[in-house]
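Working notes for the structure below.
Per-chain residue numbering starts at 1, and chain names A, B, C, D, E and F are given in the order in which the chains are listed.
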């Protein structure tokens, strides 16, 4: 950029144009997203997606549960 | 006996100087902060080790390869030299990380409440006022900062590691170490830096504001958003396209649902490998002459300043929007606009619960949080366009 | 105000031209086909994004790095430039993918019924007649095809992505985008292209032919086969050795049973990472001047022609073998000889079940299916040997 | 290859030699594989290999089965 | 007909010579040893395949790329050329593997009984006496060994693959194939080589010595050890810092507990990928002129000699320490000092159980076992410092 | 190193200084580790860490155990 100006002046410019661009861009994005959502709900309605499946398959909590049940069962036998 | 002499002359003790010794201590401190204090360990552990390695006298981790006149390799370069030249000087590593971050990001909350994008914009004030502070210091001759340096320092306020590294490696590589360390340290300090500012700028009543339940977002919207963002960036600010392009690519892989195996690898093996090498490469720039100077102190100070300003700007923007729009916004989510995903959003949630134990702000804060990532990438693009 | 001018001049809108705009549309269409229509998404999603990225005006994704007189880096190259030069111009990515494909391939069905290898041979007729068609167009001056171009176009008929990319990147890189897109699109269209041809060329009675149960294949055979193939290729057609060598290496890792951790990584993390970058790299060649011309239309037309011919040749070969040999072969499995693993085999199975709900041809069709991979690699080798 | 010839002629050559090589190569492969299998079954007979183990260890189906059994057990208790 | 001539001239049969044919056989033998006899298959399968590939006449796996005067790529290089130049000539692959090994190593047993480090020192006697043997052969003109060659041969006695490859690729690349094959083969033969020596040098009574239960080691010790080792190496022997630095980095990632996702990837996807390419790269140096000569026989002989000496030295050192210290040490764990992790430790345990079915030495042997890794890395450092 | 000497002499030197360095270094390491452990136990005492969690979550051994228990339970029912 023009090197005649002082460093400060260049910094001020950068700040003005920078923040300006950021706000303009994100404001446009707000509009675009709003239009997008409206368009999608209008023309491509869809059942709400289920949350993505968990990546690694862990042992299900039921095991702990199971163990409890068995324990109960065994006890009942014992106590008979 | 001259063999002993050789061994001794080549030993680290014989070659040790104050600078490297101090930098090794810095590396160990970074490791302490990462391991004991939990400061962004995924990055600061590799950065810390890289700092120690590159400062080991005579170990040659950053040595360039030597070729003879015929171009045959005489002695290979050091590991960190190759990592830096291949992955950071080229910008590849930050971009690949950004792709992985995109694959880990859920834009749902933001899409459900797009206005929160403006909070992500406001928080970038920190970047540019800090830039101004840095050029002032340069102008008044207090510290030796050029405009390019100032931009690299300002981007710390983006609270986004890969963006900061990408910009700095292009604009002022010699500051890379200090900038990266500042960025990641302050991201880790978000839970300490932000709350007082947030409390100062909000009334208890405002902190108790309950926000509307977020609407469900359909898969189609989630698939189309990254494409929309990509095209918009391309049309308006191509200099931000490398960062946001890879970000959108990663997010599209996540949401499109037909390339889950690619998305999984991007979020795991690939980003992990690149994180290790990115950290080592950044550490390789942590040399005494580049780090142990007043500029670094200035960078650390200005970085903190940037975080505080960004936090404040986000909160104030939220309050302003409350004035202008009917739908209530809890100002506590404004601070999440600095990104620092997901810490900043958690902080918003925590303060919200303090004010009202039944008011969960986490999902609402994720909107400005991811918006902040876009915001700082846009800010980076402007700087690269006007200076780079 | 000249700052605004700078920003505007650097914006994509200011630099936008018709060509890139059209290509970005092409990229979005590829994404639509991949995500909505399920066209080979693992490749077409990265290719589509790569097409969009490389055509963003001013984003510089394919810019080469700039060095000053002293050889210091002045401005880094673009991401796609590095990906293409490192992975595709060198041939590394297709070869690594081929290693992964080998590690995912089970040669059992083919070993149980080796005669099916001949079906994989017959299906390659598509490659060479298409080549002939392309040179004819070149000769008559309808389209600007050299012999090298014709070979690259013919290989589309191999219905094997990595092979097509490997050959084209050597023989005529400027066609890479069109050839790769055609290859993957038609592989995705196999379920639509093949059935009518298969029905046309077979009688209901033939489609009901029940084949002999495949004998079990011992582990030792599965371990020795890749070595046998590797040595045979080395002795007869070294120009096919890079592709088939890596293919055999991957398959040996799979079958030998002592390096499962290497085999797993080859089939997952490694092939996924390389697939992402291969797709992006191919996309980086999708520029308007290279793609938006009559040659591309010719390539798409000839590619379809190649697929049809290959399908027909495979079916007819199966019928011929039925004449000559005692053991019955259901001609429906002949079409699987074009490879397009595993879609073509599934198509054979589907039509078989239509003719006789109890006649499962899938396993029988896997033989010619994998044979087709070998066949097209051999065809590639001949072309590289005689032209390259 | 000889550049005197017309493009067509070169294409025809390529087709002839190409298809020739493909058929010759794969025919040889058929023979080689047949010999290999014969040799293996003659000198290295082996029990048929089990299908390769699944890559990721998921929770085995038995869990569901287990749950059923328990349920039965529990019921019997209740119904007593 | 000259087309047929072209095809024939390019065929492997036409170009086949005795040397490559013999080397392909060597490659197949390595595969047999790896797959059937279980010789270090993770390395010997890729090395074996690499040996076959690089010796396929006319396949050009190790061809260098050709550029025209303008520096444009005319023909790409071969896969193995790129792998070797990028990963082995630079030293990157062995260092990354070492990082992975560090991430898989538990220093607990060694920290619980630090004296066992001395056993890891003693076992390195094998390295240096073998070096002496090699220079002797060179001096007397029996074989053509320089001092650099002798050092590379001696390092085989370190029983540590990456260390041997790292040193040899720097000191005498042309020996890389023979040295790597010898190192991995003998590591696989440890269960056959060591027991007789161990029995010869110990009395049944000594073999029955019961060692004190190892104390538990706290997490803090495990975290601080790699940092301690790293600093010590840096101060005393920087030339060993690349190897041990990456080793410590990997171990720190494992123990610090805050970067588990990095540690996991280092131990799995990353080390697996690099292992595949390291093996292929080593194989690419297995050419007839470099491997089929008396020097290779000398290397194999000297390598075996080195393993035996190292084993004996470890055992004798253990007996000496028994004399000097109160706490009993079972001399069987001395042999584990040659590293060859974890085979050597298992051998110690096996012989211990033979002598006393209730005496489990495995954990006690892990101490010298990992100490041996450090010991040979230090030995490598000395050689690089005094010769390299 | 000085090239005047014979190869043997250089080898001997290398052996002496090499083994010397190895022993010196590892002896120092023994001392350092001993000090480290002492210091840690003195100033940073810690409960012994649990063994690191297994990497992939496999189905826990308890399943087999469970199955046995159930079997027993079932049998008891039958035998009643």
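Methods note: contacts are C-beta pairs under 8 Å (C-beta built on N, C-alpha and C of every residue); 3 or more make two chains touch, one makes a residue touch a chain.
What you see is a predicted model; the values in this text were computed from it and never measured.
Visitor: Per the definition at the top, count C-beta pairs in contact and tell me whether B-F or E-F has more.
Guide: Ranking B-F and E-F by C-beta contacts puts E-F first.
Visitor: Validating interface symmetry: for the copies subunit B and subunit E, is the fraction of residue numbers used by both over half? Same or different.
Guide: different
Visitor: From the mean C-alpha coordinate of subunit B to that of subunit C, what's the distance rounded to whole Å?
Guide: 39
Visitor: Could you tell me the distance, in whole angstrom, between the mean C-alpha positions of subunit B and subunit D?
Guide: Comparing mean C-alpha positions, subunit D is 47 Å from subunit B.
Visitor: Taking each chain's centre as the mean position of its Cα atoms, how many Å separate subunit A from subunit B?
Guide: 18
Visitor: For subunit C, give me the residues that contact two or more of the other chains.
Guide: Within subunit C, residues 3, 6-7, 236-237, 264, 268-269, 382, 386 contact more than one other chain.
Visitor: Give me the residues of subunit F that touch two or more other chains.
Guide: Where subunit F meets two or more other chains at a single residue, that happens at 1, 13, 17, 21, 56, 59, 63, 66, 70, 73.
Visitor: For subunit C, which residues are in contact with subunit D within the complex?
Guide: It is residues 110-111, 114-115, 117-118, 120-121, 124-125, 127-129, 131-132, 134-136, 138-139, 146-147, 150-151, 216-222, 224-225, 228-229, 232, 236-237, 264, 371, 374-375, 378-379, 381-383, 386-387 of subunit C that touch subunit D.
Visitor: Which bits of subunit F are touching subunit E when the two form their complex?
Guide: 1, 6-8, 10-15, 17-19, 21-23, 25-30, 32-34, 36-37, 40-41, 44-49, 55
Visitor: Spell out the residues on subunit B that touch subunit E in their complex, using ranges where they run on.
Guide: Listed in rising order, the residues are 3, 6-7, 10-13, 15-16, 24, 28, 31, 34-35, 38, 41-42, 45-46, 49, 52-53, 56-61, 65, 73, 75-79, 82, 268-269, 272-273, 275-276.
Visitor: Give every residue of subunit B touching subunit C within the complex, in rising order.
Guide: 89-92, 95, 170, 223, 227, 230-231, 233-239, 241-242, 245-246, 248-249, 252-253, 256-259, 261-262, 264-266, 268-270, 382, 385-386
Visitor: Where on subunit E does subunit D make contact in their complex?
Guide: 2-4, 6-7
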